[in-house]
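Sending over a structure as structure tokens; questions will come in a sec.
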Amino acid sequence: MAIASVSTITSASPVGWQDAAERGFERASKTLRGITGMKVLEEKARVEDGRITEYLVTMQVIFVLEDADPS
Amino acid sequence: MAIASVSTITSASPVGWQDAAERGFERASKTLRGITGMKVLEEKARVEDGRITEYLVTMQVIFVLEDADPS
Amino acid sequence: MAIASVSTITSASPVGWQDAAERGFERASKTLRGITGMKVLEEKARVEDGRITEYLVTMQVIFVLEDADPS
Amino acid sequence: MAIASVSTITSASPVGWQDAAERGFERASKTLRGITGMKVLEEKARVEDGRITEYLVTMQVIFVLEDADPS
Amino acid sequence: MAIASVSTITSASPVGWQDAAERGFERASKTLRGITGMKVLEEKARVEDGRITEYLVTMQVIFVLEDADPS
Amino acid sequence: MAIASVSTITSASPVGWQDAAERGFERASKTLRGITGMKVLEEKARVEDGRITEYLVTMQVIFVLEDADPS
Amino acid sequence: MAIASVSTITSASPVGWQDAAERGFERASKTLRGITGMKVLEEKARVEDGRITEYLVTMQVIFVLEDADPS
Amino acid sequence: MAIASVSTITSASPVGWQDAAERGFERASKTLRGITGMKVLEEKARVEDGRITEYLVTMQVIFVLEDADPS
Amino acid sequence: MAIASVSTITSASPVGWQDAAERGFERASKTLRGITGMKVLEEKARVEDGRITEYLVTMQVIFVLEDADPS
Amino acid sequence: MAIASVSTITSASPVGWQDAAERGFERASKTLRGITGMKVLEEKARVEDGRITEYLVTMQVIFVLEDADPS
Amino acid sequence: MAIASVSTITSASPVGWQDAAERGFERASKTLRGITGMKVLEEKARVEDGRITEYLVTMQVIFVLEDADPS
Amino acid sequence: MAIASVSTITSASPVGWQDAAERGFERASKTLRGITGMKVLEEKARVEDGRITEYLVTMQVIFVLEDADPS
């Protein structure tokens, strides 16, 4: 590894936290190249009209900077 | 939103943490009206006789106070 | 309970965090007798070539010391 | 002081965090007798259509239990 | 265990923190049924006129909800 | 909500923390579209020549990613 | 900067937390020379007879030691 | 209350943590006037030759500054 | 000191937390040589049938590794 | 200062943590203008084949936004 | 990676923290096979007779369990 | 040990964090007698004109109070 950057995202799923994390990863993959890992920071849920409508995961996404200096 | 209160509960499931959170929500819904969200604080497991018997989730439940002042 | 010891492990699964915790428990059961509980400390994922290859759970494993003094 | 209980609430204001805390106190005073103090846990804001619509304060409210044992 | 709720209280004693926790438990037992455990969050002392007048313990009290769903 | 990103900024005001947060929001709004919320992380002040010259707020800014997948 | 020391104070105001911090700074300025900054650690309120009587701010005060070594 | 300062001390006892805190308070009272409270931060023990020789308590001591401005 | 290792244990007492820590130390002393200190991490209590049956202390035990390199 | 943004990076060095931080700063300087400070969040090391191959530093990089409003 | 265990050690050096970490790694390598990483938890120093005699690093050592299940 | 006090300082060096800590210790030694240890709380750097001008260490300095009671 050379130099990596850490980005924080929140993603949602109607199914559960595992699925929310996978969706977040897929969305992040479209914007960020060189992702090497993720770390969960927070798990929440949104409730409307008496039922859980969204499972929310906030997580860090780590990705290598492409033009990093060779080390 | 006007004024909300935050309650902390622990719920259990023989299946897993996702299921424990859903059971906790269903139980909380019977007592608390106006739930708007939940937040996971802790995930544990209880082990007996060499196998996991309960997945335990401690979480905050947020619910709007019904007679809140209009704001 | 008499006296318990707390060990920290990290386990991995290609499927998800719930599965990683169960694998970690099974592996820990081979070495440690008298496990009474577990507590999740951290959930991460490893990414290679644009897909998640491992879900990682770091957790504490609590086990009773067998030759503990009767209390 | 004898025995006190701690409750957590979230209150909102269109003006700012100081005002949100005061509103939260006024609402809490209608339900809880014997309040002796408050402690701020979190300050957030909600944004809609490009402007801040609500300043949110989450805080603990401490109140003495009335039928406490004399000590 | 089925579903448990977590309450936070502060109790006081002129003698020490151990005694304050026991007093807090006794007071909590009058209001809450089904208490299964406690956890210390904070230990403080109040001083007046050059001597410690109160030892204060803030702790969580965990109690099972009686009408919980059988699981 | 679909996928949101979290950015951290520090903003300053000669007047106070409430004003610093509002200025930070206005500046962030010029760069980030789809802001949905903010969360205060830290409040500081800078002092020069015996008076407070700047109130500093560090806060997270949450904004929805516009090309997020429909969920 | 050479060497700085960090002091912790708590100040109070009947008006609000912003005012309490300013009062704390003014009081600290009478004792400490070379103050360069402050950092808020905790915001509380004291309640008596059903109204907030004091807003309390606990904060760190940073001040340069005057006889520091030149560096 | 007007303006208070917070000092951190560590005190020791051969007997236990409760006693260590009381000794720390007595020692602090000789130097600091106007103490209003204490808060425990850390409890440790020192072991030598197979037995506990000292129970150590690190705690904050809060004391009012005597020449504080009337507020 | 050369190199030390840190182990985490939980011990229990029917009497109180001070006693639980002493019991934990005695039990740890049977397994670990070269203990130099302990640090309290958590204090809990277990309740059964309306009374406290166990005071639980989780603490780190520090012990020097005997075959450490001379330094 | 006007408005600053906070970015998180991880950098590596075969030599040590001090060197890793300097490399991280140099890499960050190529992308970000107006850097005013850094703050260390985490220090790790990677080990392969029985020797430390990389010292890793995760740190926040603070940089002023150039088109910030004059304040 | 399959299953890893996390051990906590404290090591010392008369030279500095970087050296203390390297010494700790070398000592740990004699006991633990399969070390894959380390993480710094705490940096301290011991002072005697007016000079620093030891730089102390407490860190986690991560090592793969050799007889782990293939995954 | 009898009774110790804990002071917090921030020191700087153009060379690195290890050097900053040593400078801080030397400066503290001029004011405080009986220093027994230090603990690093925070490592930062100040950047001006595209280069690191100061490495900053905030640390606690522990020193025994000389007129402490014999224990």
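First chain written, first letter: the chains are A, B, C, D, E, F, G, H, I, J, K and L, and each begins at residue 1.
We adopt the following convention: a contact is a pair of C-beta atoms (placed from the backbone, for glycine too) under 8 Å apart; a residue touches a chain by one contact, two chains touch by 3 or more.
Keep in mind that what you see is a predicted model, and the values were worked out from it rather than measured.
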Counting only C-alpha atoms to place each centre, which chain is farthest from subunit F?
-> I
Between subunit H and subunit J, tell me the centre distance in angstrom, where each centre is the average of that chain's C-alpha atoms.
-> 39
Using mean CA coordinates as chain centres, what's the subunit D-subunit E distance in Å?
-> 21
Taking each chain's centre as the mean position of its Cα atoms, how many Å separate subunit E from subunit G?
-> 32
Scan subunit D for residues touching two or more other chains and write them down.
-> 18, 46
Which pairs of chains touch each other?
-> A-B, A-C, A-F, A-J, B-C, B-D, B-E, C-I, C-K, D-E, D-F, D-G, E-H, E-I, F-G, F-J, G-H, G-L, H-I, H-L, I-K, J-K, J-L, K-L
Can you name the residues of subunit H that touch subunit G in the complex?
-> 1-6, 60, 62, 65, 67-69, 71
What part of subunit F is in contact with subunit G in the complex they form?
-> 16-18, 42-48, 50, 52
Which residues of subunit B touch subunit E in the complex?
-> 7-14, 23-24, 26-28, 30-31, 46, 54, 56, 58
Contacting residues of subunit B [partner subunit A, same complex] | 18, 21-22, 25, 29, 35-40
